[in-house]
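Pasting in a structure now, in structure tokens, and then I'll have a few things to ask.
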């Protein structure tokens, strides 16, 4: 049975490598990010398969953490790229120059 | 089975090398970041294959979770600065006392010339070849396993790695905690906390996700911490998970972060190190040697240290993500 | 006691010089100047034989003494300086820089007196150079270009003489193993030492061909200075020879022959060139050269005839004293040109005082000249000397004829400038001059009466026809010459004959090597080209460092370092 | 360690005040002067005590371990005292002079600080008991002198300083290497009369020869031996007291003293002759003597002429040492003192002329004897002494050198002496003659009076006193050379001890 | 070894580590009082180190017994970690204490801004603690960790003023450090994989000249060379040291770089000693000569005061490399190298401090415009000059003794018949001249004639500490024997 799991894991690894094409090609940031997110999912699967194949229960924990934290990058991405910004939305990004001057005043 | 494993390893290896190379060679920074996230994933798999689930766990938490977010945010910051420079003041030289400009300059040499490629490659191949040769000759050393196993009963914990980390070589671990702290101090020394460039995220999805995810992450963190005494896991991993949770919280806030209170923040950050040191000093005074425990007290003390360390690490990671010292620290 | 006496002789003038130097303008001090020589004179007259003193702490051990030769020279020196000093007191009365003159005067005096007393090489050299260098101040005193020129020639030759003398002394002292003059002479200096001593002292003594300073310095110097220069100072060279040359029982044939030859040559050439001069003091200077030549012959003979050594040396000493006094008086005569008195008696005295030393120099019987010449010729038996030297006596006699001609020429030229004094006769000058002129008469009798030890003089040396015919010959020659050249341009030889040639050669050399002369070394700014190079180099270095700073370079270097290290670990 | 404290005290009597002065504010003039003169006076007194002790036959030695097997050794023997007393006396005089010379000029604290440091180093050199100690003080001297050379701060001064450093540091390096090498071969022995290398003569003859050449290059730069002399005349841009110190006491003398030490107390004359080393040194010294004199003739600048004269005169010392016989060495050693006294007089005089009347060139000296008779007199004494006329100091030297040359069987050296004397006369007599006999038509312009008001004497008394003092000293040491306590007497004592000769006096 | 010493020494060693850590943690946790904590801590650590050295030296003259090993937590090697104190580490600890104290005092004046103070002190105290731990470490992996502590805090210190140059320099420094550390770590891993132990002494007994060791040696040496800024891997040094605040530059040039070099030395004297070959020595020596020349030339070119000093470090480290071939001929030469490093650290630190004072007063450190300030601050220039003299290797300074011993070793090589030894001698001797040239560049403007302008006022600490440290550097010459004897108490070393 473990041979099967292993073969599956190998196959999934192959899909990751294939999926890299999307990351490299793009064309958009979203495409790339999405591919990476899918890799995360694939990675979790691979870990679980390996856990079964190698009879290492600890790998489940790893998979768990993976599954849990893969979202962090996604959230970060979404916060910056995800949604079009309405033109009238007041941005809280301040002008860098004013930031600089404030900073330099404080620090020096 | 073995053949498949070798095949798996080779594919993994090829993937790691390829991704790393493409990541380095990429001129598009965003693509490089995504490749790096992928690289972290593959690396975690590699650690698994190297029978190091503890490290895989840490890599999973830090590489896949935190680093990705960190890089993305950094990238966005760089972009906004570059855009500023390109549009606003085309001819003025960059103002002097700003970190990011200088950072960019230090990192961005003019693109390497083609003719350096061949020697670089040949050197890399030769050195790599030498390394492989050296490894080829390595005997299968048992390392410290027998010695560690012999002392497990008095270590206070059941997991040999935790025993090594927090008892036999507690000094190293202590210093690693210190390194995290120093890294944070270094980041803080660069300047004040700068706002994370982000757009307002309308809609319920993000807050909802967070509301669900953060408690789960905390529970997982505590689990991993607890598991550390007998299975892969421990303070670093738990700290990373909790830190990721914190980062999620930070990301979720559309507006400015709340003013972090200075003194508690510092205390929290140093709690791990300080507690560790106190215990160590007690050992010195009590005659167990610096950073030594009485056998009977080993388990509770280790647990205590682990808890404090987890807290400190998590805080440190969040603070690193925020980049720059929070306003509260200067008060 | 004796040490104080001996030391006082050179020291008193020195002290006086210091006082005058420190307090210029003190008339009373100035009046003391002539009398600074008095202790010397007294010492010469009164000192017991064998007076000597040693000062171990002075220099490398100083030894002063009065020996017979020294006594004669001391008397001459002190007396002449005293008289000339008196003369100077009058002559320099109106000189604004007379203090300077006196200081140099006194310094030279101290040197001159001291060197007579000195019995060891170092102190002899000390006084010798003190005298030589101080005399420079006297030579150039007038400050005219002529004086500067004369001074230059004088100084060059004097310094050359000093240095050669020092070298000779060192060689001789080294050979002797001690520095006493007597010991040096006893050790018979040879070779280089001898040559250096002869030449070094010879320069001072006006030896051919290094005599050129005399005809330049004498006319340029003030009259009293010329008097002591010619009367006393050039005798220092002679004294040195007498003290240092190997005048012992075996003699030195080659040197003797050379000296005789040189002396005779000087005697004749001095006359020849002298008669072609017009300035009285120049003529006197050439006369001095000629006369010193005679004395040189005496020294040479002493070397050739060791058995007659004592006689000859005494004769040379006598001759030196005679010549010193007479020549001193003649120089003073030259300074009396503007003292042509009005009264008859005074005129008679003037003529007497003028003629006396001249005649004495020519060797008129009953003068000191006659005594000196006869004594000198005394041991020259016809077969005493081999070869051409056998004719020495004849030659000496002929030279005496030349002397007569020369003196006539002097008087002829001199009287042309006679004039009455502007503001009365100068008593100082008259006294000095007169007394000096008279000593020419008194001296031989004094010598005869006192008969100082070993001097083989006899009364018959005072007269004799042998002395008259050269004078007559001279008169005839002078008459012929006068007839010949009376109405024509007198052929001239420039003053200082050889020095003129040397000067011409020097200035020619200077002209050709002008480019070599004097660019003092200075730190230069770096030449522009080098500076540019430096800038370029800096730029290169900066560029190179920038290349090293590139990340790929760092990587390459890092790998290269690893590879290199590995290879060396593998190979070695 | 007997009496070692005395040696230390001598060293610190100038070092301490020097450091104190360095940190003194510029305006504390009185305190500075007191420190200066106090230090100089103390040193003089201590050297006197030491002198008496050494005459009594006491041993003085101080040693401090520097490295394993290598000590810093201070020791007082007759030779070191010769140099030490010279520098003590002349330092005192120069200090007085410098105080007068620099009155009212800026940065005196710095100047006097380094000045004292310089003298400490010189005394250290004098008292060094082995080569390494010697080297240490020698290099300190190099460094302490540089600020003095560039003190004026003009571009010319800085260029001169640069050249000075380039020469001295390079030579120091050569010296350093040679000394390390020698110490490797022969151990860190102290100076021993007659040398301590006899054991190596057979096995390492060539090495010893090479080492000797290296050592001579090392010392030769400071001693201004001919191919290595160029820095010296250019260093003339320094203020007069510095030049005086440079030429008479400190730098140049240090080089010469080093050569003396090497020939006498490291190699030993016998070994040096055996290896044919002195002959070479002799030739170099002779060339230097003549060359320096010729160059001196070529310049009209008074100080520069003096500088070239130093080049020539210092080689007399080396000449004497290279003659390697008792009389020659007496001549050389005694010239160490005599040249110091005489040359310092001359430099003081040159400084006086420059400071009082603004005269820098020989052609401007006409008639200066009337305006400044004492200074001119001192100058005359100095100049005549340099020429070597009796009874001045230079004569004593020349006398012994000449005899030494003959004793060593090298009469050609006498020729060199003759030639050099002639040249000396040729370049020293003109200024003297101009000063006394020249005529000045226009009135003097008096920079000193212009800024300091009229002076009681012909110039500021602090400028006049040292001149008169050293000139008188120059006369007295020559005149009373026969006294036991005169430099000549002292040197004879040294040589007699070294050579264990009962009598050779002349 | 007296019983009391035997008892106290291990505790004192562990105590030193603990004390430095306590001070660092305290300053981190309580930034408001960081400078007070820092000052007291600096004094305490210095006192402790001095006491420790007294204990150590009193422990007895037997070099084999002189190494004191302390098992942390009671776990002996190979299981646990051992602290290791011998003559070599003792010397460097004292050096660190001296320079550290001086830097701390100087920083009291230099870092006066409230915010900057809070950034500076914790990092600096961590750096100090890291150095102490580095010198006391006897374990390969622990060395890596302490090296990281040192590197990271150093990087942070370089950056902490936040100027563009500082940040850019810091980033370069950081990346280079990481590369070096990883290379080192890889070497450690190789060794561990081969022998299964990490303790240096145990490793030393097990290593032989095999391919793994060779590779490990290459990796670790190259990594450390990068960290120690040994030519040609020095390029990060000038930007980092030149743009860091003065006390930081002083510590970086004086101690941090020396720490990396210490590791190289320690490894090649112990674990890798069997690997050394003459060719290796010659290569390293050649690199040293190149470093000497290149660093000096760059120092002669550089236009800024601190750049000159930074390049001078590159040049001076050339000497340390040149010493390698000497050590192959005369194994005892290693002590000379250490002594040289010690003296260099003292002198270089004081030069940097002096340069910092001048920079602070003038507001910049462009050499061309610094004349006025140089003229007005003779005390600082004196410090600069005095320390410079030590760098040149002229007497009476410690540099002279060091140079003397180096030259002695070099000439010994030549006398032993090595032809290439001539090159080493020339380099050792000639380097001093180049040093003199660039030191002169810095000092000479003070002697130009011109205006004086003291510039901005500086605190007395900044005025006097450089001078004090320079004096220490100069007087280190007197400690030559003591240092070398202390170093002799290193077991295993020749």
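Each chain gets a letter, A, B, C, D and E, in the order it is written, and its residues are counted from 1.
Everything below uses one rule, namely that a residue touches a chain if its C-beta (ideal position, glycine included) is under 8 Å from a C-beta of that chain, and two chains touch if they have at least 3 such contacts.
Quick caveat, the model's predicted, so the values are computed rather than measured.
Enquirer: Could you name the chain whose Cα mean is nearest to the mean of all protein Cα atoms here?
Expert: Per-chain C-alpha centroids compared to the overall one single out D.
Enquirer: Can you tell me which chain lies farthest from chain A, using the average of the Cα atoms as each chain's centre?
Expert: Result for the farthest chain: C.
Enquirer: Just grab the chain with the largest centre-to-centre distance to chain B, centres being mean Cα coordinates.
Expert: The most remote chain is C.
Enquirer: Counting C-beta pairs in contact, which comes out ahead: C-E or B-C?
Expert: By the number of C-beta pairs in contact, the winner is C-E.
Enquirer: Just how far, in Å, is the C-alpha centre of chain C from the one of chain A?
Expert: That pair's centroid distance is 116 Å.
Enquirer: Per the centroid of Cα atoms for each chain, what is the distance between chain B and chain E, given in Å?
Expert: Going by mean C-alpha positions, chain B sits 30 Å from chain E.
Enquirer: What whole-number Å value describes the gap between the mean CA coordinates of chain C and chain D?
Expert: Chain centres of chain C and chain D, defined by C-alpha means, are spaced 37 Å apart.
Enquirer: Just how far, in Å, is the C-alpha centre of chain D from the one of chain A?
Expert: Distance between chain centres: 83 Å.
Enquirer: Hunt down the residues of chain C that sit against at least two other chains at once, touch-wise.
Expert: 551, 553, 562, 566
Enquirer: Residue numbers in chain D touching 2 or more other chains?
Expert: In chain D, residues 162 touch at least two other chains, as defined above.
Enquirer: Among all residues of chain B, which ones touch two or more of the remaining chains?
Expert: 97-98, 130, 191, 330
Enquirer: Show which residues of chain B lie in contact with chain A when the two form their complex.
Expert: Of all residues in chain B, those touching chain A are 1, 4-5, 7-8, 11-12, 14-15, 18-19, 22, 28, 30-31, 34-35, 37-38, 41-42, 44-45, 48-49, 51, 53, 56-57, 60-61, 64-66, 68-69, 72-73, 76, 80-81, 84, 88, 95, 97-98, 191-192, 194-195, 197-203, 206, 209-210, 213, 216-217, 220, 224, 227, 231-233, 237, 241, 244, 247-248, 251-252, 254-256, 330.
Enquirer: Using the touch definition up top, name the residues of chain E that touch chain D in the complex.
Expert: Touch residues, chain E against chain D: 378-379, 382, 389, 392, 394-396, 400-401, 403-405, 407-408, 411-412, 415, 425, 429-430, 432-433, 436, 440, 444, 447-450, 477-478, 480-481, 484-485.
Enquirer: Tell me, which parts of chain C touch chain B in their complex?
Expert: Residues 550-553, 555-556, 559-560, 562-563, 566 of chain C touch chain B in their complex.
Enquirer: For a test of understanding, state which residues of chain E touch chain C in their complex under the given definition.
Expert: Result: residues 172, 175-176, 179, 183, 214-215, 217-219, 221-222, 225-226, 232-233, 235-236, 238-239, 275-283, 297-298, 301 of chain E touch chain C.
Enquirer: Okay, in this complex, where on chain B does chain E touch?
Expert: Residue list for chain B touching chain E: 94, 96-99, 101-103, 105-107, 130-131, 133-135, 137-139, 141-144, 147-148, 151, 167-172, 175-176, 178-179, 181-183, 185-191, 266-267, 269-270, 273-274, 277, 280-281, 283-284, 288-293, 329-330.
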